[in-house]
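In the part that follows, the structures are each spelled out as structure tokens.
Two complexes follow with subunit A in common, the first pairing it with subunit B and the second with subunit C.
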Partner chain A sequence: MANYYDALLKLCGFEDDEIKREKSRIDRAFRKLELGPEDMKKAERWVSENHDVELLGVRKLLRAWLMELIDLELAREEGKKIVYYGYPSIPGPGMAIKAAADLAGVDIYCGCPDVVLCHTLGQIFNKLSPVLEAGEQNGLPPGHGLCSLQQIRNGGLAKGIISVPDLVTGSSYYCDMGSKADELLHERYGHRAIYVDGSMDSRWGEYPDYQPERVEFLGAQLNKLFATVSEVLGVEVNTQAWDKSMDTSRALYSALGRLTRLMTADPVPVSYVEAGLALQLTAGSTGRSMTEGPQAVSILCDEVEKRVERGVGVVEKGAPTVLILIAPFSDPSVIRMIENAGLAITTGIYSVPPKKHPPTTYTTLGEIRAEREMRDGYYHSNFGIAKRVEEAVNDLKVDGVLWGYIYNCRPLAETSHTVKKWVEENTGVPVLSLEIDAYDSRNYSAAALRTRVEAFAEMLRDRKASAKA
Partner chain B sequence: MIVAGVDIGAATAKAVILDGDELLAFSIIPTGFSVARAAEAVTEDALAKSRLSMGNLEYIISTGYGRRAVRFSNKVLTEIICHAAGVSSVVPQAGTIIDIGGQDSKVIGLDGNGKVRDFVMNDKCAAGTGRFLEVMAGVLGVAISEAGALSLLSREPCSISSTCTVFAESEMVSLRAEGKSREDMLAGIHKAMAHRIAIMGQSVGFRQEVVFAGGVAKNVGMKKALEDEIGLEILVPEEPQIMGALGAAILAKAELVKMHQAS
Partner chain C sequence: MKALDKLSSHLRTRLVDLRRAKEQGRKIVGYTPGGYLPEELVLACGAIPICLIRGGDHAPVELSGAYICRWIDTFCRAQIGYGVSGDDPYYGIVDLLAIPITDNHIRAISDVLDYNTNIEIFPFGVPHMKEKVAFDYYLHGITRLKARLEELTGVEITDSKLREAISLCNRERELLKEISLMRQSQPAPISGKDFVALNHGSFLADKRIMVETLESVYNELKEQSAPASEGPRILLTGSTLAMGDYRVIETVEAAGGAIVIEEFAEGIRPYWEKVKASGDVMAALADCYFTRRAPPGWFRPGKERRDFLIKLAKDFNVAGVIWYQLMYRESYKTESYYFPSLLKRETGLPMLTLESDYDQAETEQLRTRIETFIETIRR
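Showing the complex of A and B:
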């Protein structure tokens, strides 16, 4: 007998036998998420309108995200240990924790639940608002400029759609909001929270130099995290685990690198909505991103490569190219609107590969990782971000930058002004500071943003035409 | 070469008819409920003043928030690009445009050739828009057309601290209860709104000549308040409301020339 979710799951790349095999898990997860037949119909429309489901790679990516959601939902009842990390996250520790658990034979769910909910309840079901509202009622009220990503995590716990974890690692090296939200949730639910502190207070102009004290401090915080993991989960995050995590993630990063290169074709061959589905796997998941991700992204790359050969794109050939920060996680219609306005989004700023670094002299895992972050710039300082954007603009020769001015993100809200000024003055490329909320589209719909985006597109087209003449 | 520019704003619909470089006529009507009907009505009105009909129009560009609802337009452009073209045609040395409309406000930086250099726009919150002024004038029982002139009679402008329209309305009610004069309250409102626009426009920068366009540009009190805030003289075109429609018509003519050259 057919299930009420069959049509949607097939649209999202599931095979018949897989649905049959996973039926019990899907039933339980969807019940927990309160997803019924009506939600499936709405989701089919939303996915068809906003995702390029003609591409098998896109369908497989949607499947990977849905499987991640199901794993997240059922983690506790399937007897797993649960570790949540924050976003933005320093890449590596989450994967290393997962690898350490795998090596020790400990069944673990390790991921960023807020990012998973954005890419599933938002991107697939367009049903994130009830979670946000629950978060608002559970201690992070509306109208206070609080981070909506934290409201999602909070709401998920309040509604019981995500489980209380064994350990939470707060990304307070970047922003205090995540750690404060985790503190609130710790007070509510009693789970262990470990704060990975750091300081982005750095002299404007300092990057690429950095103070060794910052590496030592952040490194010590990361080492403290690994020690706490050992204490709470009984697994050791050591060099062996770190190396295993690097081996495991190599295939995904290699496929993502290929996709990033393909996105620079003219015309841009696939929507940034789909590139985002692939790129953000690394931000939200250490599970399905590694087991399903590489194959899904590789299939997508093969299909995209064929489009490049045929000269097929999602915007006109010669359309102005833009670098974006930060693409909305939960609402794909915003990126669609930007592309419909005639802007070719070639890549996200955080996807631009870092420069090669000299060998490190640090010896502990935490310090090695911390030094890498200082060198990469994004967690160094706002000037570090400005310099990286400047380099990316020059390397990729884009026509503009779409800077998501996330009004309720304390670090990024400030960069929207300083980076705009810096990049415009140092590259001559226009930057649109577009006020958005990357996780909550209730106040920032595509319709509300259209005039600014279209005007920016008209401006860039004009500049291109004038430069040609 | 007869072309039209149609600007459908939140409060008013505007149409301009050009024959080459000559402005034949323009029309301004309230937008009302049906955007599509307003577009037809305002264009027909402008055509009637020119003794022409729809059939005479060779190219039409629509702009404004209702631009996509204009079924008879050949091309759609945002009001930002159109304002730049319209204002530059009447003030060629314009460096900055302040446009305050019914539901949004913009500061547009120009490159000296009638093209947009940079822009910033507030369309999320009513503060800093014509609607804010309208609500406040309503609280004070003043016709919106008189609010600006009355504000200039103030001796001691009130300080309005709230940037939210609803809370500013409450603040006005309190000030009224304190016995503050209508003129002082109006001056305070104009100052608060001008301050918001000045802050918003800082990222674009105010370069001379600064031109004030949109319906609110007819308000002499707002012109003065803006001049005080940014410390520069502000020019107001004779018909500030039609700058978007005029720009659309100018760009329509350019499109037509391009098409003729291509054929």
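Showing the complex of A and C:
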């Protein structure tokens, strides 16, 4: 007998036998999420309108996100220990915790639930608002510039659609909001919260230099996290676990690297909406991103490669290319609007291939990771971000930058004017500073942003034509 | 109060005095409020510490809009406005602006002024947790500052100079504490507005004159006869209480309330603890300024501060708490949600939460809410 969700799941890359096999889990997860037949119909329409579902790779990516959602929903009742980390988090520790648990044979769910809900309840079901509203009603009210991701996590817990974790962790220095929201939830639910502290106290202009004490401090905090994981979960995050996590993630990062290179083709072969689905897998998941992510991204790359060979693109050939900050997690409409304005999004700043660094002299896992943070710039300082944007503009030779800073993310809101000014002064490339919310589509309207983006696109086209002439 | 008049008179000519001192070769070191800048280091090298504490006016907040988006704390945007426009003469006079980086809002001041003005900025980190490694990091920061101050002034900061400065600053803290403790009596012998004026004065005044003023105030208060009665006693707490941002205090007092104790992350000089004279002097500074003080709302977990607030509420026998925060300071906004239930459970006291963007349009709404709150707790 057909299930009410069959059509949607098939649209999202599920096979018949898989739906049959997973039926019980899907039923329970969707019940918990209060997703019924009407929601499926709406989702089918939403997905068809907003995602390039003619590409199997896109469908497989949507499937990977949905499977991650189901895993998240059922984690507690399936007897897993649960660890939540924050976004943006220092990359790596979540993967290492998962790898350590796998090595020890401990079944855990380790992920960023708010990012998962954005990419599923937002991108697929367009039904994130009730969760956001629950978050607003439970301590993170609207109108105060509070982080929508934290509202989603808060709302998810308040509505009971995600489980209370055994442990949460997040950056306590890059973002004040995440840690404070963790504390709010700790006060309410009593779970263990580990704040990974540090200090972003570099002067403007200091990057790439930094005080070595910053690495020692942050490194010690990361080591503290690993020690707490050992205490709470009974698994040891050691070099072996770290290496395993690196091995596991290599396939995904390799596929993502290939996708990033393909995105520089002219015309840009696929919407950045779909690239975002792939690139953000690492931000939300340590499970399905690793088991199914590499294959989904590889399938997408094969298809995109064919488009490149055929000269097929989502914007006209020769369209001005732009670098963006980040693709909105829950709503494809802003990216679509930018592309409809004739701008080719080649990459987001966090997807720019990482810098090559000299070998480390640090010996502990925490310090090695902390040093990497300093060197990469994004968690070094606002100037570090500005320099990385400048470098990306020069390396990728883009025609413009759409700096869609997230207004309720303080570390990014701080860059609203400085990145624009710095990059324009130092590269000559125009920057449009655009205020968005990457997680809550109620806080902006793509149509309202359109006028500014269209004017910017027009200006870039003129500049490009003038340069040619 | 005669001593307060004398302090006002000193502050009126303070800028002229500072300019004169600067012409004579003394260095002026500005810093942002928050209580993490050991003034002793500045005094020990012969420089003059000035806390940039002005606020309450919406005009510089608007000015900041050309340099940063609006989603940053109001006081911090005001500092950006003052700094880039030169509208606050204290910004124009500093040779170095030391910025203890406590959270992203303060970091915004550091980066925007560093990038857009010629002011030399010296940021150093204030961790958010009281752990050994955090203490070490803070100590490292103030040690770097010490080196920069020595370079700036050409004066070596010796232990003996530092101990002398510590003694002076300890006396200031001690007097502020003693005067504050006097307010445990009912009625309180000094109004909230006057106590805040004293505390704010200490951010700008010459340290010796300030200590003399506090001694005079202390003696005056001991000798004066107590006021006949007072209205409901209030604990005023929140993120920032800037010099010039007196709307809430004035409205509370006009409505018949008595602010008898304040606790703010920024704008009230911490005075409960003194620097210990024994042992390593720099470590002793870090011990007092970082470890033994009640932490602000951006520390996590925030239990120590919340417990401290509850203790203050009990010790000063207040009838209610007013939580006054500025817009977009997320740490305080988040805490303001769950602190009232904790307060209620521990003390039975009600709490009123107020927010401001330094906008005059808020005044009447604030008045209505404050008057209603005072009326409610009066019963």
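Please note the rule applied: the second predicted complex is superposed on the first by the 469 of 469 C-alpha atoms of A that agree within 3 Å, B and C clash if a C-alpha of one lies under 4 Å from a C-alpha of the other, contacts with A are read in each partner's own complex, and residues count from 1 in each chain.
In this section, contacts are C-beta pairs under 8 Å (C-beta built on N, C-alpha and C of every residue); 3 or more make two chains touch, one makes a residue touch a chain.
For clarity, every value in this text was computed on a predicted model and none was experimentally measured.
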With the two complexes superposed on chain A, say which partner A:E183 touches: subunit B (first), subunit C (second), both, or neither. second
With the two complexes superposed on chain A, say which partner A:Y173 touches: subunit B (first), subunit C (second), both, or neither. second
Tell me the contact category for A:H417 with respect to subunit B and subunit C: first, second, both or neither. both
Just to be sure I read the superposition right, which of the two partners does A:R203 touch: subunit B = first, subunit C = second, or both, or neither? second
Hey, is it subunit B or subunit C that touches more of subunit A? C
May I ask you to decide whether A:E458 touches subunit B, subunit C, both, or neither, giving the answer as first, second, both or neither? first
Is A:L140 contacted by the first partner subunit B, the second partner subunit C, both or neither? second
Would you check which partner chain A:E435 touches, where first means subunit B only, second means subunit C only, and both and neither mean what they say? both
Thinking of the overlay built on chain A, is A:A448 touched by subunit B (first), by subunit C (second), by both, or by neither? first
On subunit A, what residues does subunit B touch that subunit C touches as well? 417, 421, 435
Interfacial residue positions of subunit A with respect to subunit C in the complex: 139-141, 144-147, 172-173, 175-177, 179-184, 186-188, 193, 195, 197-205, 211, 213-214, 216-217, 220-221, 224, 381-383, 405, 407-408, 410-411, 413-414, 416-418, 421-422, 435
Touching residues (chain side subunit A, partner subunit B) in the complex: 417, 420-421, 424, 430, 433, 435, 443, 448, 451-452, 454-455, 458-459, 462-463, 466
Can you tell me which positions in subunit C touch subunit A when the two form their complex? 66-69, 71-72, 101, 103-105, 107-108, 110-112, 114-115, 121-129, 131, 133-134, 136-137, 140-141, 144, 297-298, 300-302, 327-328, 330-331, 333-335, 337-338, 355
Tell me, which parts of subunit B touch subunit A in their complex? 65, 77-81, 104, 115-116, 118-121, 123-124, 203
